[in-house]
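The two complexes that follow have subunit A in common; it is paired with subunit B in the first and with subunit C in the second.
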Partner chain A sequence: MIVAERKPFDEILEMLAPYKRVLVLACGGCVTVCLTGGEKQADELASQLRLAARQKGMDLTVESDSITRQCDREFIEDLKTDPGQYDAVLSMACGVGVGFMSELYPETPFLPALNTTFYGANTAPGAWAEYCRGCGDCVLAWTGGICPVARCSKSLINGTCGGTNDGKCEVDSEMDCAWLLIYKRLKELGRLDEYRKIRPPRDHRTDRGRGVRRLVHEEMVELEEEESKA
Partner chain B sequence: MRDGDLTSRDVATLPSTCELMEREWAPCRHACPVHADVRGYIEAIAQGRWRDATDLIRDNLPFAVVCGRICHHPCEANCRRRDVDEALAIRELKRFVVELQGAEGATVHKAASQDKARVAVVGAGPAGMSAALDLAKMGYRPTVFEKFPVAGGIPATAVPKYRLPREALQIDIDWICAHGVELATGLEIGKDKTIDDLLAEGFEAVVVAAGLAKSRLLPMPGADHQRVYPALEFLTDVSFDHPVDLGQDVLVVGGGNVAVDAARSAVRLGAGRVRMMCLETPEEMPAYEWEQQEAQEEGIEFIHRRGPIEILLRQGQIVGVKARAVTRVFDENERFDPQYDDSDVIELACDTVIMAIGQAADMGFVEGSSLKQDDRGRLVYDAATQQASLPGVFACGEIVTPPGSAVEACASGQRAAVAVDLFLRGQEIRIDDSLPPEIDCIAEGTAEKVINVSREPVEAVPPQTRLKTFGPIDKTLAQEAALRESRRCMNCGAGAEVLVDKCAACLTCLRVCPFDIPKVTDVARIDSSLCQACGMCIAECPAGAIIARGWDARGLPARIGAALASAASDGHAKIVAFICGHHASAADWRGEREPVAGVAEVYLPSVARLSVSDLLAAFEKGADRVLVVACHEGADRYPQATRRISRRVDQARQLLAEVGLDPDCLRMLELADENREAVHPALVAAAGTLPAG
Partner chain C sequence: MTLPVSRFQEALEAGEFVVTGEIGPPKGTNLEPVIHEAETYLKGRVVAVNVTDIQTAVMRTGSMVGSKLLLDRGIEPVFQMVCRDRNRLALQSDLLSAHILGIRNVLALTGDHVAMGDHPQAKPVYDLDSVTLLQAIAGLEAGTDMGADMKGNPNELDGVPTFFKGCCVTPCTEVVEPQIIKLEKKVEAGAQFVQTQAVYDPATFETFMKSIDHVKVPVLVGIVVLKSAGMAKYMNRGVPGVQVPEGIIQRMADAPKEDRKKVSAEIAGELVREMKPMCQGAHLMTLGWDDVVPDILANAGLKN
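Up next is the complex of A and B:
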């Protein structure tokens, strides 16, 4: 899932400076699960903004609402408020939600309350860690399920490099060397043969090399759309 | 979606989430014949809301005082706390609050206009008075005819005063009559007036609630002796302080509660020896276990498995009872079918016999009317419509139901009132007796996690003192004990409900529940039969997808605002103090405490329910400072509550700091489990030392 962090409060306040009437819009998807952008956090942020407005003598009205996901248009029907009626919407969604909602409401500024940080898993109650970078060319089959693209500082696909140091990365002494982890894991699995293979350079066209990536399942394209093409 | 799944749209249309309490009933309410909202009134007691508690009880139970004293309390027998430690003392709590409030302290729900048909009720016992009350509330004009000079039925004429003081009973009668129920006492239907007379006089319906007013007797030699007393007549004489010619050696025949009442009354009248003889073994005896025990404490001996065959007379005086052995009481289908061994006969010495082998209807009310009786002399009656054989004549209570307790008679009377109303409105008499489903047993794993709290003992009058008088045998719970006892209630059915459309299956509820109840499948599933209603998951759910059935969290900001408005703030900072009220006095809850200048005290059953948003809301409502007064770790009613709220306070302090407010404007104290003498100075000190906002 997508993990995000709340932006610093001052940055949010600065974003909202031109606006008087703001909707804080929670997203019930990934950011709810990582306890950053759910209805509870939206209510808390709205409350903080109202308190700050009072504290600083700002003319700012803040309300809040929530939606099942900000990355699917159908759910906007369930909104109790009309985002178009606000000067700006402070979205508690990941960057996907902010961008998508901006398209749906071209007249209304959608502002990010969060910094979208990574694709991660919940490693312990209250804790998330990055496991994937979304490179579009998955190598996990021969790296023992440990992603060198996401977890190696250099995203090397043939490691380790010379910067590995007692199992830690030269970039940060607190950070595990991903390639050492891969080596140990493959050894456990009895698959060091995979480690010994030299891999050709990655195809960066699947990453961001060719602009916006898209996915279309032809079987699910709306029938009307198919007819109009014909 | 599964059947019964709730969505945010469902809840948005509800005036209060408390309406969801009707989705399932706790077993206490389910088992109560009148389905009183037990959890509701126990919670009101726990918060010192005496009048609310009394009104909630009386909404369903007109004979609240009577039942507070003598009810067989099926609520307690079904209390889910039994699987944790001991049942809640529901009857004692009821007694405490309804007698404290009296008739004046209970709201009278009088009909806006009482101008509908006149209805006659025969018999002023629990069934008849309950029917009359409900009819009066609907706007009918009921008159209750009672052959005795007082209203109340068996509770007034036969229940011993040591179990039910008559001034206590009068509270119920006065409250019922305040609704416009007219009483005509000392007037016997079938003798002074007939049912046909009533119908001719303009009563458009008649409700017969004559009860079981006669004792059954056993034909045997000597049974017509003047010192052979039918138990009910004996108890009635004692009730009205009529002189009773009682000897020194009394034998009560029978093993039920009436037999115990008769025996214990005989002890109080000064009999030298009182024995009870019954067909049953101690285990088979129908008398309640506690009645048997109290009787034994008063020196009453029990003779089991004996049936009388002759009352022995010598020179016109009773000298004993000849009794044979009983080989069995019930047949293989558990039907009453006693068998005897005639070769085993003993003689028991006595000079007085009280026959308490069962009750029978006094069918005198039929006299002069065309009401039909069946071949066994019983009133012909349709249980579904409660109609007797004459149009407009209904029946309720023990005259038509199996013998039961006062609360069952009330339920029967209430149902009759519904039938009468349908009849008088010209509608088909069809009554829906279905009930919401009952909450299941508490699972062992959950019961183990509930903090054990002992049931408050009821102070009994020592046997040597009590057997000399007809004064009460035990004492009403003191206020402090009542508060402690009421706070043992587990709030069954008042807990969490997941709004499936909002749940993100994030697992937070599962992680914060101190009872390990939520399961996350497609969405979070919180089993209402296990949920302890602590509110922990509600405060933490990031999706706002969990609500409580028993309280509406949407109401808290308004409460904060009202508390702030009423707190004196003559130059002092405005402070909101959220205080755990689990150990607080009734005066604290009721606001009858010495105020701390500028401090608005908001009492909660536990601070486990307070969310970060609630804390921020207090500042938004105008508080300069906010205090959370929690219990010491381990003293809250819920495990982990203090640690959880401490983390929320820390989180809220960070959010305040971001806004530019001093985080020290929000503080937590751990002393709510101490008394007011500790809380008050702490509030004063905090009010003086917290920085200005």
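Up next is the complex of A and C:
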């Protein structure tokens, strides 16, 4: 899932300065699961904003709404409110939601309430950690299921560097050395031969090296075209 | 066997116990004092002098110009290259440039993370790692770069460089097998010599050397000169894979301030003397205290 963090309140307030009527729009997807951008957090933020506006004497009206997913066209009709009726929408979605909604409502500014941080999993109550970088060329088959691209601070692909310290990374004594984890896992699996192989440098063409990445299922595009003709 | 490309390579191939030194370029354009120190204390005493590449991710003058200035003074440099700051285009380009300047010894390193240095906001590159950088160097020596033309054939170079290629290993890390496997990969990728991370415990080093008996490249044991007991304690806390035994820390602590350089040179000299039978050379990292090198060599019982 996509994990995001709430932006600092003051940054949000500064973002909203030019606007008088604002809709705080929650997203029911990943950001609800990581307890950052769901309906509850949107209602809380809306009331904090109303309070701050009153205290600072700002002319600001704030309402809130939520939608199942801001990255999917099919849920737009479930909106109780019309985003187009507001001066701006403060989106509680990840960057995908903010960007996609901006396209759907070209007349309305969509502002990010969150910083989208990583693709992660829930590791303990209230804690999430990064597991994937979306590099476009998955290596997990030969790294014991532990991603060196996402979990090694240097994204190294040929093994541990000299910065491994008591099993932790030189960057942060709380962070495991991914390559030591990979080594131990491969050893347990009897697959150290995978560690011994020299891996070629990563191909950054799949990893944002060529701009916007897309996925197109041609057969679905064709089906759609045939249906529209018929 | 092909002819050695440097005096450093020649000395190792001749079976000499080889000593190398190290200089770190400054933050700023005032490189002359460092070069002068090398000329005064290292020239004629060590076979080659490493020039660090933006060491510990603290922005400084580069290793290529430091290497070139050493060459101009008749000192053979070991050009250090880290993978942190340049992608494969820049690394290969700098290797060609270095060769043109007369630089022949190259040490390929991963490089400390930018988080360790004074520009923590910088983008860490690591397009290549130490293994693939060594492969890239070997590729250049074979006359091709890492790219390919439209038909998929490797790009051929107009003028081919030659290098003596080295790498690093950390012998005293807690779990050593992954380090050894990576060393094997570096040698497979083309590494011809090894300069180790700092070693203060000859017994651990001996065990390590036995475990890499199958790796047939010369190893220069890394000696980092201690400046104080505080520095030793700091390294034990903060420098990965470095452990200074309590006895050595105590000797530094007991030394009066004016005798620290003397005691430090004694400790380093003893370490070199003790580990000399286990390896093919020593790499002295003096962190600016170049003037202790003559004493270290004397204390180690090496020709000065």
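Throughout what follows, the second predicted complex is superposed on the first by the 221 of 230 C-alpha atoms of A that agree within 3 Å, B and C clash if a C-alpha of one lies under 4 Å from a C-alpha of the other, contacts with A are read in each partner's own complex, and residues count from 1 in each chain.
The rule is simple: a contact is a pair of C-beta atoms (placed from the backbone, for glycine too) under 8 Å apart; a residue touches a chain by one contact, two chains touch by 3 or more.
Note that the structure is predicted; figures quoted are calculated from it, not measured.
Undergrad: For A:Val33 in the superposed arrangement: first (subunit B), second (subunit C), both or neither?
TA: Only subunit B; A:Val33 stays clear of subunit C.
Undergrad: Is A:His217 in contact with subunit B, with subunit C, with both, or with neither (first, second, both, neither)?
TA: Neither partner.
Undergrad: May I ask you to decide whether A:Gly162 touches subunit B, subunit C, both, or neither, giving the answer as first, second, both or neither?
TA: second
Undergrad: Thinking of the overlay built on chain A, is A:Ser153 touched by subunit B (first), by subunit C (second), by both, or by neither?
TA: second
Undergrad: In the superposed arrangement, does A:Lys229 touch subunit B (first), subunit C (second), both or neither?
TA: The answer is neither, since A:Lys229 touches no partner chain.
Undergrad: Pick one for A:Ser47: touches subunit B only (first), subunit C only (second), both, or neither.
TA: A:Ser47 sits against subunit B, while subunit C stays out of touch.
Undergrad: According to the stated criteria, A:Pro201 is in contact with first (subunit B), second (subunit C), both, or neither; which is it?
TA: The answer is second: A:Pro201 touches subunit C but not subunit B.
Undergrad: Touch check for A:Phe9: first (subunit B), second (subunit C), both, or neither?
TA: A:Phe9 sits against subunit B, while subunit C stays out of touch.
Undergrad: Both subunit B and subunit C touch subunit A; at which residues?
TA: None.
Undergrad: Help me check something: in the complex, which residues belonging to subunit A touch subunit C?
TA: For this pair, the touching residues of subunit A are 153-167, 170-172, 179-180, 183, 192, 195-196, 198-202, 204.
Undergrad: Flag every residue of subunit A that touches subunit B in the complex, lowest number first.
TA: Interface residues on subunit A, with respect to subunit B: 8-10, 28-29, 32-33, 35, 38-41, 43-44, 47-48, 50-52, 55-56, 66, 68, 78, 122, 125.
Undergrad: Name, in rising order, each residue of subunit C that touches subunit A in their complex.
TA: 84, 88, 110, 112-113, 115-116, 124, 126-132, 135, 146, 168-170, 173-175, 177-179, 181-182, 184-185, 188-189, 197, 240-241
Undergrad: For subunit B, which residues count as touching subunit A in their complex?
TA: 501-502, 504-508, 511, 540-545, 611-613, 616-617, 619-620, 655-656, 658-661
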